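Note that subunit A is present in both complexes that follow, paired respectively with subunit B and with subunit C.
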Partner chain A sequence: MSPQRFLSKSESQVPMTAQALVAHVLESGDFYAAVAVHGIADARQRQRLEERLFGSRRDVLMLARWEHTPANVLDALSRLEHMPLARRVVKHRNTGGSTLKHQFSQSDDPALTGLLALHANTPAPLLLQIAMGDHDQVVLKGLARNPSAQPEVLRLLAQRFPRRFDKEIASHTAVPADLLGTLYHRGDKFVRAAVLAHKQVPEAVLLQAAKSTDTLILRALVKHPLLPAALVDALSQHKDNAIRAALATRTDLPVHLSARLALDESDSVRRAVACRADLSPALMQMLAEDHDPWVRQWLGRNAMAGKHVLQKLALDIHEDVRRAVARNPNCPITLLEKLASDHRSWVRAAVAYQPNVTSCLMASLARDSAVDVLSGVAANPHTAPALLKRLVFSEELDVRRGVILNPAAGPDILLPLLQDPYYLHRVMLASGPKLSDQDKWQLRDDPDPRVRFALFQWLAARALRPVADRYFYRRKA
Partner chain B sequence: MNTILVVAEHRRGEVRPVTLELITAAQQLKTAADDRVLLAIMGQEAESLASQLQWAGVDEIIACKTRSAEFEPELAEQAVSALIVSRKPIAVLLPHSVDSLGYATAVAVKGGYGYATDVFKLAYDGGALVATRGGYNQKVNVEVDFPGHACAVMTIRGGAFKPVETAAAPLLTVDDRSDLSARSRPLEFIEQGGGGDIDITTVEFIMSIGRGIGEEANVEDFRELADNIDATLCCSRPIADAGWLPKSRQVGQSGKVVSACKLYVAMGISGSIQHMAGMKHVSTIVAVNTDPGASIFTIAKYGIVADIFEIQDELQAQLA
Partner chain C sequence: MKIVVAVKQVAALDDDFEIRADGLDVDEDFLMYDLNEWDDYSLEEAMKIKEAAAEGAVEVIAVSVGPERVDESLRKCLAKGADRAIRVWDDAMEGSDAVTIGRILAGVVKKEAPAMVFAGVQSSDQANAATGMAIAASLDWPHAAVVAELDYQPGAATARIKRELEGGMLQAVEIDCPAVLTLQLGINKPRYASLRGIKQAAAKPIEHWSLGDLGLDATQVGTTAALSRVRRMEIPVKGRAQMIEGTIAEQAAKLIEIIKEYKGEAA
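For the complex of A and B:
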């Protein structure tokens, strides 16, 4: 843990302004804190920070590939003249659009274009430029898959290379509806299935697909919300199990059809039926007797399952079925009480994560020895603060992390965890909103660099917030 | 004549399967007909455990009787050191396991022997023993030789050698080491893992889910899929932290290393260093991720840039 030092008054106060925070970091010489505050430093301070950060080749290379290096530091790295870092910088997922643009304009390295085509932050005009000019099929395929590619890029690729990237384009969220129509008409069955799976698929295409007899096409079609009603009935008798199973998941399925599918010979169809919200009590009773444990499991999780069905399933021989009941949002408290003493810890753990458990039951679960159960108690927002205060000192680090993850655990409970021997827990507290900046400030000399980075990153972000906001935050904390 | 010493590992009365892989590795180090493979087993019940070690390729089983029934690092260190002195092996092969890491380094350093860990290939180069292990986060293969050392102690990566399959009846000798003492003594055996849950370090086919799964209800879809394809469902840390799968199913630095796994299907897992620490050694990794830049693709043999739910749906449809 951090060495205990005698603190002078000024040292023990969190610096309130960006300038004071950076000044503190410059004085301490902490490398990781310097990375964290680089973005809020003024020009003169930034120069001094960069002297610290880029002093050795080893540090520079480390920063160029460290997953937490922020965009502003990557930008500064990309401008270092004595070290060619373009590929590393462009590969880094935090690199911002303007840095990527700068790299593109500075370099004629073809590998760089490939990386830019894949990067989520590459600016739109640059992606368009690549789509217009590049011929490399690997680069263009990457571009067609880039989630940031805009409709014009996809349209251009579809025009320049008909059919070559149709599957990728058809699966892209940004593809315009009219282009989907074109792709459907010229595509093979795989492209067509991808078009039908797309949210934007035009109705005309759906109607055309409805005439198909191809299983792959029908499997895609059957999931679409706008499936023509006439087809629903026909498809419920289709010989393909997957088609009937997909049909059984549709909310608009007429009741007589769900009753028929509940008797289907295929397990996968009955499993889908067991999840439905519109099952009659008789159907539920029947499915609760199903020979397939997965049917019973899905039924156990079904929020509409009645008390009697749940009672039966809570006695199931399969632990996963009993767990399903314990995870059911409407599981009655009497059943939860029974399941809390199940011989399998994974079932008891499900009870421990339930929001509607009584404090008495929670107290008994807190005496369990299984780590999954205790983690559930620790993470449950309904656990009494007194219990959480005890769990903070658990020997199991997963249990202590459960308390940190608990949305209801306040500063009085979490404070001792600032001394937790596991650095990850200190990182989580340093970068979370629950403790006051003043409390967190004790981590500034933490032996673990990741903890210090998390703390200074948090404080740097706070320094950018308007003053009134900060004042409010300090008072609240 | 060269001697190769293999140290068997056992837990709760069962010889661990990795021992059979070490026998194959030892056989590969035999260069002359009269080279000998010795297989040592330590513990209070060493003699009866030896009945589980009747495998071809072993010339002699040494039942090394110590005072502790379960593994005890100090006793193991002393017993193996004594065996090296008395039997003069050129190589000592131990599993790359938590047990071995508790004493192998001490044996090597105290005896002044060569030492290499996590070895996955063994060969001779002009008469010199060469062990291959990963370096720089498994990005390069490093060949290690042991100049000036009469003996090299090596921990062998699980799954790197085929387990021996043919039975035989090797000679058995008993080596009484019950005079050895340790400063610590085991009090209680605590089973690791989630109360009788499957031990994910021993399974060969894993499907693992990450934060891409979105919400708890979806976990069940993947459990069903895993069930249908006979895979064991594991996860990244956020999933275990949320209580969606038991802690014993977490793969990675603070979870488990899936040492016996041969096929790992990563669904919606980004591939953090901490997660990869538990699975990057797997020979066939299939990754499904919507982000083409996800780190998991750097170690995957097959990468699928796609939505995991589409893949799950499609697989379920094929299986329906």
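For the complex of A and C:
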């Protein structure tokens, strides 16, 4: 790629129209900015941009592979002749439906069908065409797994190849309810389990599954919201731990059954019980004494856990249990104050992320030396702006990223981070709404191409916004 | 004192590419170039030593062998704080193997007379893991490979290192200096270059050395001097393999089915 020629800093105003923005990019010769504004250029400008973008085979190959290349550029690439691009374009996640269709009609590469069968943007008629005519089992399996495959495709696959792709079809969100019934009746236990795990499973199938004694079937059935009430009690005594554990997660579980499951011999069952919102104080006290630290940990996270239970768990020998208490949304402030001085930084970090922490406590945590703690302080919307201004200059990039992610951090705090050494932080700022376009404009000659691409992509999207919005942005700047 | 850091611009491939007409390498248009990951760590280790010493006491020199495109990787080293960058190239060097590259780099080391030479354990594209050792052999210097920890004071006669061995073992070694060390990933946390550093690096010169600067001639480098030569590159024919998918129970059931089929038993 030829060296960039950037404009001097003296051009201080952000181009406000699409035409002016593209003109700026054409003058600068910035390759990555050209990719970003290609979609907003008029025909004449687009031709000039493409001369820049498609000037060398190496650049063309790179663009067809680059994860950020937008659909309009991929479409232009797909129309270039004598370039080995078809597979790259079809494989690219941003490639649009019409481009994929064009590739399918132009290329005789047999591998393309498999890639098209997998692509989320392949047009429905093309997917149907593959379902009707293709015989390659790998291609068709990919098609059955494609989230964009419509019910007709799934129905056709089930019809053409009975049992072959039933598991994939049964797991697909678009499978019609009647087809689920068919799949259940002809399927093995694995297909049946997949059918039962589906949200659209017909009630008749559920009732039939309720008669099953197969563990795999019952494991799937027990998770379904419409589980017949008569089964709930019976399954609470089933010998399979996974069945009882799944039962313990159900919100409609009668209280007497959750009490029974709280005494279950399986740790995984008691862990599930510890997460429940309907536990009595006595059950919580009992689970707080559980020998399994994961049970105590989940109880510590339970928003319904009472003050006394949390106080006990806050003294737990396992740091993950104490951390769970510190993460509990209802943890009392007095307890948070104690946990803020825990000897383990992992626990103090959880306090730092707590939305309930007082500004006084936050100031104390901001003096911590552990990165995890400081990252929490930086990301906490209740941290005082003065503290955030200091954390912006932290040596640790996790801490600085915490400030960028902090919803309360305004432009005055974030501005210094436009100079952050980590390119991703600059990309986040260029792509986010917190800084004005004018502030971001200094990134136009950033040394990292991904940052420049993010900036010009943002500006290109803004150029397409209504005039009133743009006026507002300029006023803010 | 000086630390020479030998770096390499490595090539990465996507999964579709074409091999050159002569069959000796991948078509360059399909390659993406970047600084070798191991070399990031080597440079960082040199920078740590430099920053711990008095200002101006340690000079870090990044050195690479390669054509003009390699300047981009050397520029990265300058942006991260290297004091100088040297690119050695002559068209006659095309086709040099790791031992010959080691000989060329040793020529640079002889001229710069550093107290330490760092290199990465290996390059991600060729994975010979030989360049560092070849430099040491050419210089007849002590060397240590796969260094995971380094304790070295500028000007000291020895350095203490820990080498990474199989099974998570570390071997503590004391090595005489000057020495050549090949450093392992994870020995430190490489920095990102600051914007200021990048801008300053853009203005710094990269020294371009040729065969004459090193006292070498064309017969000592390139394909003719190489002790190994690439005969051809090829993509192996894919064997028969099948991913067994599904839950653990499904995978077990399928495996039993395959075994029974293989043994000629009824499923």
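In this text, the second predicted complex is superposed on the first by the 463 of 477 C-alpha atoms of A that agree within 3 Å, B and C clash if a C-alpha of one lies under 4 Å from a C-alpha of the other, contacts with A are read in each partner's own complex, and residues count from 1 in each chain.
Going forward, a residue touches a chain if its C-beta (ideal position, glycine included) is under 8 Å from a C-beta of that chain, and two chains touch if they have at least 3 such contacts.
What you are looking at is a predicted structure, and each value in this text was computed from that prediction instead of being measured.
Taken together in the superposed arrangement on subunit A, subunit B and subunit C clash. Of the two partner chains placed around the shared chain by superposition, subunit B is the only one that A:Ala245 touches, whereas subunit C remains out of contact. Considering which of subunit B and subunit C touches more of subunit A, the answer is B. Of the two partner chains placed by the overlay, neither subunit B nor subunit C lies in contact with A:Arg400. Judged by the touch definition given at the top, the superposed model places A:Arg192 against neither subunit B nor subunit C. Contact with subunit C, but none with subunit B, is seen for A:Gln419 once the two complexes are overlaid on the shared chain.
In the superposition on chain A, no contact is made by A:Arg276 with either subunit B or subunit C. By the touch criterion defined above, A:Arg88 lies against subunit C but remains apart from subunit B after alignment on the C-alpha atoms of chain A. With both structures placed on the common chain, the touch criterion links A:Leu61 to subunit C but leaves subunit B unconnected.
In the three-chain model built by superposing on chain A, subunit C overlaps with subunit B at stretch 116-124, while the rest of 116-124, 188-196, 224-232 or 296-304 show no clash.
Overlap of the subunit B and subunit C contact sets on subunit A: residues 397. Remark: subunit C residues 14, 16, 18, 28-30, 32, 191-199, 202, 246-247, 249-250, 253 touch subunit A in the complex. If you check the complex, the residues on subunit B that touch subunit A are 194-197, 216-217, 220, 223-224, 227, 240-243, 246-248, 254, 272-273, 290-293, 305-306, 310, 316-320.
Residue ranges on subunit A touching subunit C, taken from their complex, read 57-58, 61-62, 65, 84, 87-88, 167, 190, 216, 397, 419, 421-423, 446-447.
Those residues of subunit A that touch subunit B in the shared complex are 67, 93, 118-120, 142, 145-147, 171, 197, 219, 240-242, 245-246, 266, 268-269, 271, 294, 297-298, 301, 320, 324, 327, 344-346, 349-350, 352-353, 370-372, 375-376, 379, 397-398, 401-402, 405, 424.
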